[in-house]
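Following: one structure in structure tokens, then a few remarks.
So that you can tell them apart, the chains are marked A, B, C, D and E in the order they are listed, and the count of residues begins at 1 in each.
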């Protein structure tokens, strides 16, 4: 459906580098990346608001690289919304409908319908500048949905919404996608990404780092950056080799830190250690695992499942533990503690 | 905020300007007996010339706004080589001596020119016609509209126009539904300034058309023939009518925007 | 500041006198190098109104029609009036004007009547040149014995009536019209072509004043709605020193030069005007003795 | 977007306006031999009067902008009863017959008035002085600055001003660091319009000061005395100098903004 | 420190109703509420941008209800940022510093320091309109932090940031708070709320619904709305009474739905059933619990821990289960399934 080939755009201080990707018909394509990665720029290039310096954009087999904005049939929900301040909510939402030869009653019906779905029916007569952040965001979404484009680009469309609204609108988007709407969606929210996307691209520093299904991307992250997005905080680039003193392989992180893991492979790759597999104790634990390290607590903060503790053992290690447990070992920032984890709790991904 | 020191000093400075504008007007008001004003208001010659001035200037403003507003939009949106030169040229009619402007226009519309001949073919002589007056008014006043509208368009975020295009609107629709309404306030101000400047023109108008007499010509004529005593009530009347017209335009323009 | 004022001579003068007044001022400066001139050109009536209505001071006021001084300035703002020069109506044109090669003092009215020819004249209500044009046309009707001539020509080309002669010159020079009725002196000064009209109709010969007074017309009077009957008479320029002149002494020196038969009046003649000899002085009694002596030769 | 149908038709309409402005100018250029232009440029009288016109108008614009810009800000920010009336009054000087404006001002500054007497006490006669010229120029041109600046301020989001206050800035600092820079483009356009309009004023100036001669008076004087042939090169020279000045102002103003 | 008494503001369509709350010195006060609840309005009232119709605001024992904005010493990070478009990032951040009599070198030092902390050092020369959403957000935050106000108001300051940045800046804010900075922070993010706040207020529809510590508020939510915020989806208003046929109490949700739970109390209140305690089976389960209900699957979507399944049993019930489990029972949208949960897995909160 949508195909980008070697799209590039250069500014002083930022370059979009040879972006090549394909979005299939009916895909729910999630674009994940840190702030300043180039996500919004990429969407605006696709929509035609920014002209790329090089590369080609194909939509439904037609080259649209130089097509005018209004002829692309691509809807974009802007990150900064770009609502029309002089039109009330009704006319904002109805804006894309008038030109389609809709009758005014038809337009009315559709606007009311969309407003209902997005929970903004009571705002139809109001003007955008007086709306709350989340209300504005829903108006912007409704307006682009009214366009009913062949490709829908969403730039963080739910960032200002509360949890309930988020869930509702996610459902709306999922339904839309199920009915065949192709969507490219930028988000920072991991849950949103896996709840909605069937394909995920990771973009960092103007370049695509990884593309695949959610399982592929988060199951086998190829950088600590991707791992961090997936919520995996303990992610290391390692090289492993047979160890002489153990049946496990030795994983070398850097000069100061090595640990053991279970693997049949050798060579370079990445290791992930789930946060809840890390055990923190006050005294050195028994020798049931080779992976025991002394360290210093450098941060503690509340977490959904208790507390998150950060320990410096040469690299930062993140652990989740119950608050009661933490109190039991008298750990606070600056405490000396022991960190341990099982050799087989570590996941190894070989570099390709 | 209302009572901050800077606002007080601003109010003081602003008051001085208002005084500077109002005092000469009051001077005129006080030296004109009400009875003279009324009797002047009843002279058909005076009525006709004020009415003529208003409608020609308004027509000229409206007709030329159809040309000037698009130009203003282009100037606000695009840059091109020598743009500053073009901007400078647009300011020139303000500075051209008015009678020079009138003479230059004569060269346009007199019998021998294409335009003059074309009009002549329809048995219509431009010189001395309302059309000539309108052209003279437009020439000296059009920069004010272009400049105001240009600033108005420049303050409309391009991003909103692009958003409208993204929503499938044609550039024409974007212009009429987004750019124009958002620049509307500035454009109205520009229209008022052009309209007012056109009404006041004497030097250029008198060269292309002494008759029919627009108000400034009539006032000059009265001054010349009868002196200040007779010119003042006519001038004052003209000013008062203008005031009413301006207030009405602003009220209507703002209302229209609210309705839209 | 008084020093600056005594060395400045301010002159309000009719636009058509700009050139001779400037030229004579330049010669005056040769004699009095420390004097500066402030010359203000305007319509003759405007010049008078600057004095009467705006309370502006000037040292000399020169009018294209002596009657303006008589009627508007004397006695409140000036005491006397020197009539110093005549002029005559002529039909002014350019080389590009239609039929410019054929026109002469006998066929001009036929050419003006042609539909392809346009001519302009001043507004009789606003400018003396305007009513003088109409009087000339009436005289021409008598002179050529063509009944209806005056009316026919006067009603033609009403669009090209203008309040001041300079506006007419603009019309002529830009090609919008072919001919204008104008004082001969202006044509000479502006380097324009002109047709000399017969003395019987050009209002320029003081000895024909009886003939001239045989025609008349009504223009509007001193107040809105009033009217005034004007009779033909030779056109004569007037000059005076207003009572409130701040530099009376120097003004008198200038007038002595200006009205000197071999100096100022010679220049005036070169500029297409017809100096009066002798000068005519209205209210001679009110005139400063010194000046009167110089002009009339008797105290 | 560049080549859309509406842009093409806008370019066409805009081109007509430019033509309408440029053609009379070109007419002047073509009928003036270069040699005459050069010799006119060398006359000190001409040089002085152009220089005088520029500096008086510039000084008048700058001095009055100190009063007018604050007024424009207040008008953009606050509403009060009869505001539309005040706006209408501000437009009036545009429409007042120029000589009426001159006459009214004369009543202000002539020797018999308070102001005139005060000046007289310092041995200074206002009539015929640059001050009188500046006042006349300011009177007819100040509405253009006020209107442009008002629109400029109106398009500055109040929210940004409030944000600056929230960051602890005083209202004065907010005005100078936020409101003024953001309205700067419109203000410059207003200043240029006021400056240009002031330079071109003849009717009001000639009443309060025929001498020293500003350029429009000089051009009138030449026209009057010697005819079009002599007036035209002076007018053309004045126009060309103005063009250079306008382009320079816009370049400087934009540059200044970029530097800030 | 900050005390609001009966603050109210009325617009057509929205009313802020008699807000009364106290923020203590050094508090990290979280304001949670759905879109359009009045959070931003409340912050702007506190900062003085909106004049309240009634009520009093006291800061450090001084009544500041009618004090000018610039004299309140309250910093506000706007939801829409309100960056100065004509000033570069450096001057935006430095804006509040100049007036304090800082030397220009001092200002420079502080700006560079803040930019470093927020990861925007490379943007100092840039102008806001060219920045990405998250970059702009950090500039806005830095600018207000530079002010160093006695009270800091943050209106969704992290909504456009990626996970890593969020964690970093949360740490920054926590540190600031530990050093004594009082903060009022609006957010939609539950994790952010519990990770940062020591006191939480729930605002809905212009009124405060609940104020307390995170434990109080989320442990004993008094409305499904609050519960929803805490991530508890199965939250019911119930009335309980002794049941004749069981040792458990009978909880009545409505005419069609009642269930059993363990409680010593009677009367009205709320019940919460954790999502992971809900079991979904294809056939009717054995009788080890009284709470078994037939139902229809109305929605399924991916979730961090597998799938979230929504079943209609008269009320919507939300369950989390592994994808493999779901496949095992052949459930898809429209399937008839059985829902069951233990009586003692239900938490009852009595109404006060």
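Definition applied: a residue touches a chain if its C-beta (ideal position, glycine included) is under 8 Å from a C-beta of that chain, and two chains touch if they have at least 3 such contacts.
All values derive from a computational prediction rather than experimental measurement.
The chains touching chain C as well as chain D are B. The interface carrying the most C-beta pairs in contact is the one between chains B-D. Chain centres here are C-alpha means, and the one lying farthest from chain A is C. Centre-to-centre, using mean CA coordinates, chain C is 92 Å away from chain E.
Look at where the CA atoms of chain B average out and do the same for chain E: the two points lie 57 Å apart. Centre-to-centre separation between chain B and chain D, using Cα means, comes to 15 Å. The distance from the centre of chain A to the centre of chain E, each centre being the mean of the chain's C-alpha atoms, comes to 21 Å. Annotation for chain B: residues 1, 4, 99, 103, 107, 165, 170-171, 220, 223, 228 touch two or more other chains. Of all residues in chain A, those touching 2 or more other chains are 68-69, 80, listed in ascending order.
For chain C, residues that reach two or more other chains under the stated contact definition are 170, 173-174. If you check the complex, the residues on chain D that touch chain C are 103, 106, 110, 112, 123-125, 127-128, 207, 210-211, 220-221, 223-229.
Of all residues in chain D, those touching chain E in their complex are 157, 159-160, 162-171, 173, 177-178, 181-182, 257, 260.
Contact residues of chain C toward chain D in the complex are 1, 15, 18-19, 22, 38-41, 54-56, 166, 169-170, 173-174, 189-192. Contact residues on chain A toward chain B in their complex (touch as defined above): 47-49, 68-70, 73-76, 78, 80, 82, 84-87, 95-96, 99-100, 143-144, 147, 149. Residues of chain C touching chain B in their complex: 43, 45-46, 49, 52-53, 118, 123, 125-126, 158-163, 167, 170-171, 173-177, 220, 222-224.
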